[in-house]
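Per-chain residue numbering starts at 1, and chain names A, B, C and D are given in the order in which the chains are listed.
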Amino acid sequence: MPSELRMIPLLPLLSAAYLILFGRRHSRESVHRIACLAVGAAFLVSADVFFFWFPILYQSNGLTDLVGTWLASGDLQVDLALRMDALSGLMCLMVTFVGTLIHIYSTGYLAHEQDYARFFAYLNLFCGAMLLLVLGDSLPVMFVGWEGVGLCSYLLIGFWYGEAANASAGKKAFITNRVGDLGFLIGMFLLFRAVGTLDIPVLVDTARAGSPSLTAALWWGQPVAFWAALFLFMGAVGKSAQIPLYVWLPDAMAGPTPVSALIHAATMVTAGVYMVARLGALYLLAPVALAIVAGVGALTALFAAVIALGQNDFKKVLAYSTISQLGFMFVGVGTGNFAGGIFHLFTHAFFKAGLFLCAGSVMHAMAGSGDITRMGGLAQKLPFTTWVFRVCWLAICGVPIFSGFFSKDAIVAGAFATEVFGPRLHWVGPTLGAGLLVAALGTAFYMSRLYCLVFTGECRADLDTRAHLHESPFAMVGPLLVLGLGALLAGVMGLPPALSRSHGDLIGRWLATALGRQPEVSRALQWRVMATSALIALAGIGLAWRFFGGGVREPARRFTAAWPHFTAAVRGKFFIDEIYDWLVVRPLRGLSRVFFLVVDRILIDKLLVGGWTVLVDTAGRLLRLVQVGDVQRYLAIFAIGLAALVYVMARPVAPSEVKVRIEGRSATVDLTEGKAAVDKLEYGFDFDGDGREDRVGAAANANWLYPRPGHYQLRIRIKDPRWNTSRTIARTIDIP
Amino acid sequence: MPTYAYILVSLALFFVGAAGVLLRRNVLIVLMSVEMQLAAGTLALLSFSRALGDQKGHVFAFFVMALAAAEAAVGLAIVVSVFRTRRTASLDEVNGLKG
Amino acid sequence: MTDLTLTLLVPLLGAILVMVAPWGERTSRPIGIVAALVSLGQSLFIVRDFDKSIGAFQMAVDRPWVPSLGIRFHLGVDGISLWLVLLTTLMVFLTLLSPQAMGLHKTRSREFTVAILVLEAGMLGTFLAVDLFAFYVFWELMLIPMYFIIGIWGGERRLYAAIKFVIFTLVGSLLMLAAILYLYAQVHAVTGQWTFDYATWATITLPRGPELLCFLAFTLAFMIKVPLVPLHTWLPDAHVEAPTGGSVILAAVLLKFGAYGFLRFALPFFPLAAQQTAPIIAWLAVAGIIFGALMAWVQDDVKKLVAYSSVSHLGFVVLGILVLSQKGIQGGIFQMLAHGISTGGLFLAVGILYDRRHTRRLSDFGGLWKPMPVFGACFLVMVLASAGLPGLCGFVGEFLVLLGTFTAGKDWQASGLAAPMFAHPALLAGLAAFAVILAAVYLLTTYQRVMFGPLDKPENRDPQVRDLGLRERLVFAVLVLTALVMGMAPQPILDRTAASVQELTANYRFRLAEARANPIGPARRVVAGKPSARPASAPAGTARPF
Amino acid sequence: MTIAAAQIVALSPLLMITGVGCLALLLDTMAKGRAPALWLAQLGCVAALLAVANQWMGSGSSQPIWSGMLIVDRMALFLDGVLIIAALATLLVAAPFMREHEFEHGEHYALVLFATAGGMTVVHATHLLSLLIGIETMSLAAYLLVASWRRQPAGAEGALKYLLLGAFAAGFLVYGTALVYGTTGGEMSYAGIAARAARAADNPLFIMGAYFLLTGMLFKIAAVPFHMWAPDAYEGAPTPVTGLMASGIKVAAVGGLVRLLGSAFANPGLALGHAGWVRVLGGIAFATMTWGNLAALRQENVKRMLAYSSIAHAGYLMIGLVALGQKVDGAQPALLVYLAAYAATTLGVFTVVAWVGRRDDERLLIRDWAGMARTRPAVALAMTVLLLSLAGVPPTGGFFGKFYVFRAAMQSPDLAWLVVAAVLNSLVSVYYYLRIVVAMYFRDPVRPWQPFPSVGMAIVLFVTVVVVLALGVVPRPVVELAAGGLVTHW
């Protein structure tokens, strides 16, 4: 087995470590040379492995590189193992390829940055973590990468830490992701409890075999597989920014643009989709979970598309677009069409990265501003950027020939054709497909709006900015062109059988072993979907042109005037952040404060601890008062104490337990406590409460036969004949 | 007289002495009351000794008398010392140490 | 073989040397550092010589101490204490090395060094003691130096904090002393010999009532140390007022004794009582995990925040131990070590901040990455380790504990535990897992408010606010490296704890089954494999005839 | 009654102390200055100590002396040793103290020896008469010692209170003797009482007599409610004398109680049951330690605080006495070890208290001790060790003594509650002991410290600290010595 697999994540990681430790001693050139080389080398290694072993890869479970045991305890055994199969190989290639391009791009984009080495270190670290996520052979290892990319995302969003908002955005991203990670963890626990391992291939095999350990009902009648799938999906929701955890992604745009392109468009955010596809067999066992995945995806696709309509920040629009496109992917994987989801993931990586890099290029030109209301007519000033943008724009709109067209159609068609939901939920697929078509219309509209407002018409920027407009350096434009090319051509990988006249699409065939059976889409359906979506794309573009062609036009203004509340709500992103703040953050913080002040400070510290202190202290003060200094008081206490002592001493002690045994009408009383008597005492037993002692003598036990049942008062007098002192105990007895 | 009568007398003497110690304010009288308690003990010892026909009680009584004398001597010395510093022999006023 | 006595003696000798050294204040710290280094080296030798296939105590030192009372100077190390010993020596060394150890005080470093070294001896002794008397002596030996450290070099309310620390600790440990004495008498009653030998004690089953009381006494002592909610309020005060070095030792090592003692003594000695009260303790642990995190979130004082985070983190340890499975206990032990490193690091970081800025209020910081990037990086690693980021030390323990708790029901069944420890383990694990989110919330908020944002406060621009010096770098390098290694390659640590944990859980299962099978009964001896009580060998000590 | 040479040799320590006391008194009237009397007294102590050692080595078995008036056994010798060392320490500390405060009287030294001789008589006594003689010799000497600082009004006041209450207690002692004597049919020796106790226990007068006797003894160890004299007398007395009272006199009284309870009143009919002293002393033990500790909490005067602390320790000691009544294993050696550790600790503590005061600056308030750790680190450290020993924190003798006593009590399930109460009490005690530590270590000096150079005090302090630590770290020798006292005939 090829042990160079471990080199793939290791190269960027080592470079990251080196740059963190020594990066500041190096010049910019050597820094970015090291960083780019590391990722580039990782790309080459993965390409080498991928293509060299390709025949085996796509027919088998793939290649494993076992580094060692990571952690083992009891029945838990987690190996640090990497696995490359067709799916992870593809992802690996994509990550390293796009990663390399974006590294190169960054050398231009951040040419004037102070903290150059830190940036590249983080970027390398990210690539390493992402590759670990992709290649990890078991869920915990995947989780290391999963959280690792979250960390890098946090670091890179907050890269310009001087602005409090950037740091907050990073924090928000991390914490929101953590919410999802909680689900991931619980999902892992569920799987481990059911299957006894966390190795992905074993899990997948178990799921494919339909093992009863996974299909047994767990809670509310749903099988283990459902709950595990659902909790894992919670992780995916966090990482891939789906409803309800998408809120971090728009804020994440605070990071440098290459970061947005790499992490928040092409790679990290798609990890959720990748994970679901990877564990597809598990999801297939739980159609309801699949339906939830697909439903959340479709809902997110629509919702984010709507919000994107009203955004005026270049990157925010792209961010919502990403959320929406991720929704598409989830519909893909959620309808059992894993290959379709992955295909869209793949094409999306190209065109969305391209779009982001264009955004970076534009903002580079606009002195960092991303406000599209201040742009316009940039096509002339930024020719290369514009061209790449056009390609990517058309791709995302789903215009035929461009890659997005094919991948989106694969998802929509798959949704219409899917049968994974079974007879009771068969309506889900077509409904979602229809929903996606609406989302596609929205996509075409808001992307075209973006294009129109940025590149067409008059430039609305101020003079100063306008004077500085320039095309970006080659380091930035080069990667752009490559990505544009990818956006144009990547569709080839998944040409539908209707066009390619083959059995199934290329990517589907590659991934067949890794992902299992895919929904069969009839050619007729393929044609129908292609036609519809092409029309929708064109309609969206046309509508957008009517509203925004060459700047904001009359219809757009009229629309705003007619629907002021709706427009405000869309602009305000439906105030989801504020709602979360009021519903979750503030109550929780308030609760914490209450706990701290009331429970900790007052209840425990003041009452529980302070109470004892006060008690003891008061006792101390009181005892001091007794010591008045007058010797005769002392003598009195001496005498009274002695008298009290004699009084106490001379009195018999009540036995600690009075055993009364009742058998029928006979009651037996026993005061001996199982010990030999020391004192010579006399006992008088009055069983019936008539004041007369029924039994008298030295015996500490006595019995009595009651004439009739009833409620009796038992009195026992214990007497010390020496002192003629006695003590009486009373009990009540019920004689049945 | 039977022995218990002596014992009763001695008990009475003892408690009278105790009451004197507790109630009188003059140090000298208090000291005398203490002596009275010791005397009560001596009386009890002697009566027991006589009743039992045993000599130990008598011997003990001598020691108690010696003890009473020694206590009186030391006590008076201390009273003088107190009087020198405080100019009083009343227990009411000897309460500088307290708390 | 490594001599464990020497391990104890080195810090003590160091302390004496520092005390009597005629050169005064200036040399005391270097001497202390050397002593700490030597004992660190020794504990590394212990790790090297440790045989991971043995579950019982190794490298035992067993000499008579007071033979007529059955007191022996009996030391030994097993998988449970092995790494804690290393953690102790490491953290003490780093504390002495750190220039901020005494907080803002610059004087009386001789006394400080002595206190730390005596404390180290106490801590090592407590971990190594196999004889209960020795254990108690060392346990109490830790108290006074820490009291001095808080009281002399502490902050404004140091007197309050110091006495609170002492009183809280003593409430538990004195009741534990009573319980130890009771057990001691019972052991004598059962076996006919006076002994404090751990192995013998772990075979004695008490009658139910006394067992519960003794268990509560032991557990109170340990849970105050942990600390378990609601016994935790001494901790924030102690931490806030203690100087940096004190906080580091307190967090990194002292708190571990609670969990360690619980695992080592409370569980094996009182199997049934432990099982009966486990639901309460487990819920309290989870409450601690969550409320500790929540309360950490609303603190403005960084130290207090980290202190509350300790409450949260150590809840995991207790939970893991209570699960009584290999995963849970190993996870708990690992979590102890990880918490020692990460929280120790956090306190050091706070100490450095305090040194630079003379404040610990979050609102006074901001944008410190700019003047202190190296510090920022180290601080970040500690924050992330504490937040349980996979790949750093904090994750492994939390993961194992949560996984162990979640799957506990199955493990109990599979291992043949006579009765479940508590109901709904999965629910508890699920609740505890919320700390994963909350930890990120409060830690990252803290980090952001300290390091990120604009550098807008003039005090923060002062040249006084400088990056790490050489010694500080060294300290942090060790911590960061340890955190990374522990996170990436936890297996060497887990390997060496496995056998002992296995033995402990097996013994526990056996004793629990026995105790449940004989619900009423006098104190008795239960030896695995040998149901009848072993005849007492010649009594170790009776009075010499005169 | 024959007086054989062997008996005189056996009793040589007691005789030496008594004789040297008399000689010192004479010498002081004849010689110039106080030094000769002091040296003589110290030499006498050393010689007596050697005699004790000689006796220990010499004979294994116990020896009744003078027809059973006294006994020489290991326990008595052990306590003799403790008492003599306490006397020696007191002499060493008292001399410089008196010189500093200008009230050096030669008879003071003799009185220390007389008090010690009285105490030794008490621990040797096996007869009510010798007990009375011992107690009163000890007490009379103590009254005078308390009053010896004549310029100090507090001294006379403390002495007066001590005397009056002591005389009152002596009355009970005598009357109790009479009652016991009468009801046992003429028995005064412990063995005789023990032989008759089973029958006499039915007689309330006998029980009253026994309790009167106990009251007289409990007064000496300052048990609640007979403790009221202690704070005032301790505060009023010159500090070295306070040290002697807290150590020597308490040791002697406890020794006497061990003998009385362990032999004369050991009969289960007398010890157990509702009128038995086990129950009563258990209650008193609880009251004593609780009262002492609580009242000590708020004291500002170090000596007064230590007085209350000493009351609390009487409570702990009584747990051992109660255990003795339950016939458990090792109660007596436990008490002996506790006494040794306690005596060493107390002597050390009062040495420090004596050391800090100057002629015009007594420094008796806790706040006066502020910052001592800065200027006198060694003394502060020593004081800390001693206070921790009082509080019962390991590794000190105080801890080991407590442990040993509690171990004895724990063997009886009836006494477990006392141990728990004692343990909680020591928690309270830690608070006030630490107040002194707080002042010494955590506070800044209020006014300059002037050293008080005294070799004697330094020696005493050093030795006591070493002994206290040794008792905590290597208690084995003392445990074995104390266990030697086990094998005795009553």
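Methods note: a contact is a pair of C-beta atoms (placed from the backbone, for glycine too) under 8 Å apart; a residue touches a chain by one contact, two chains touch by 3 or more.
Please read all numbers here as calculations on a predicted model, not as lab measurements.
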item	value
C-D compared against B-D, more contacting pairs	B-D
Chain whose averaged C-alpha position falls nearest the assembly-wide average	C
Subunit C and subunit D: spacing of chain centres that average the CA atoms, whole Å	42
Distance between the centres, which are taken as Cα means, of subunit D and subunit B, whole angstrom	25
CA centroid of subunit A to CA centroid of subunit B, Å	89
Separation of mean Cα positions, subunit C and subunit A [Å, integer]	31
Subunit D residues counted as touching two or more neighbouring chains	160-161, 164, 168, 231-232, 299
In subunit C, residues with contacts to at least two other chains	none
Touching two or more other chains - residues of subunit B	18, 21, 30, 94-99
Chain-chain contacts as defined at top	A-B, A-C, A-D, B-D, C-D
Touching residues (chain side subunit D, partner subunit A) in the complex	160-161, 164-165, 168-169, 172, 202-204, 207-208, 211, 215, 219, 224-226, 228-229, 231-232, 268-269, 272-276, 279-280, 283-284, 291, 294-299, 428
Parts of subunit C lying in touch with subunit A, wherever the complex brings them together	164, 230, 233, 236, 291, 294-295, 297-299, 325-327, 330-331, 366-367, 369-370, 373, 377, 384, 389-391, 395-396, 399-400, 402-404, 406-407, 410-411, 414, 426, 429-430, 433-434, 436-437, 440-441, 444-445, 448, 451-455, 489-491, 494, 498
Contacting residues of subunit D [partner subunit B, same complex]	128-129, 132-133, 136, 140, 143-144, 147, 150, 153-161, 163-164, 167-168, 170-171, 174-175, 177-179, 181-182, 185-186, 188, 231-232, 235-236, 299, 304
In the complex, subunit A residues that touch subunit B	624, 627-632, 635-636, 639
Residues of subunit A touching subunit D in the complex	616-617, 619-621, 623-624, 626-627, 629, 631, 633-635, 637-638, 640-642, 644-646, 648-653, 678-680, 720, 722-723
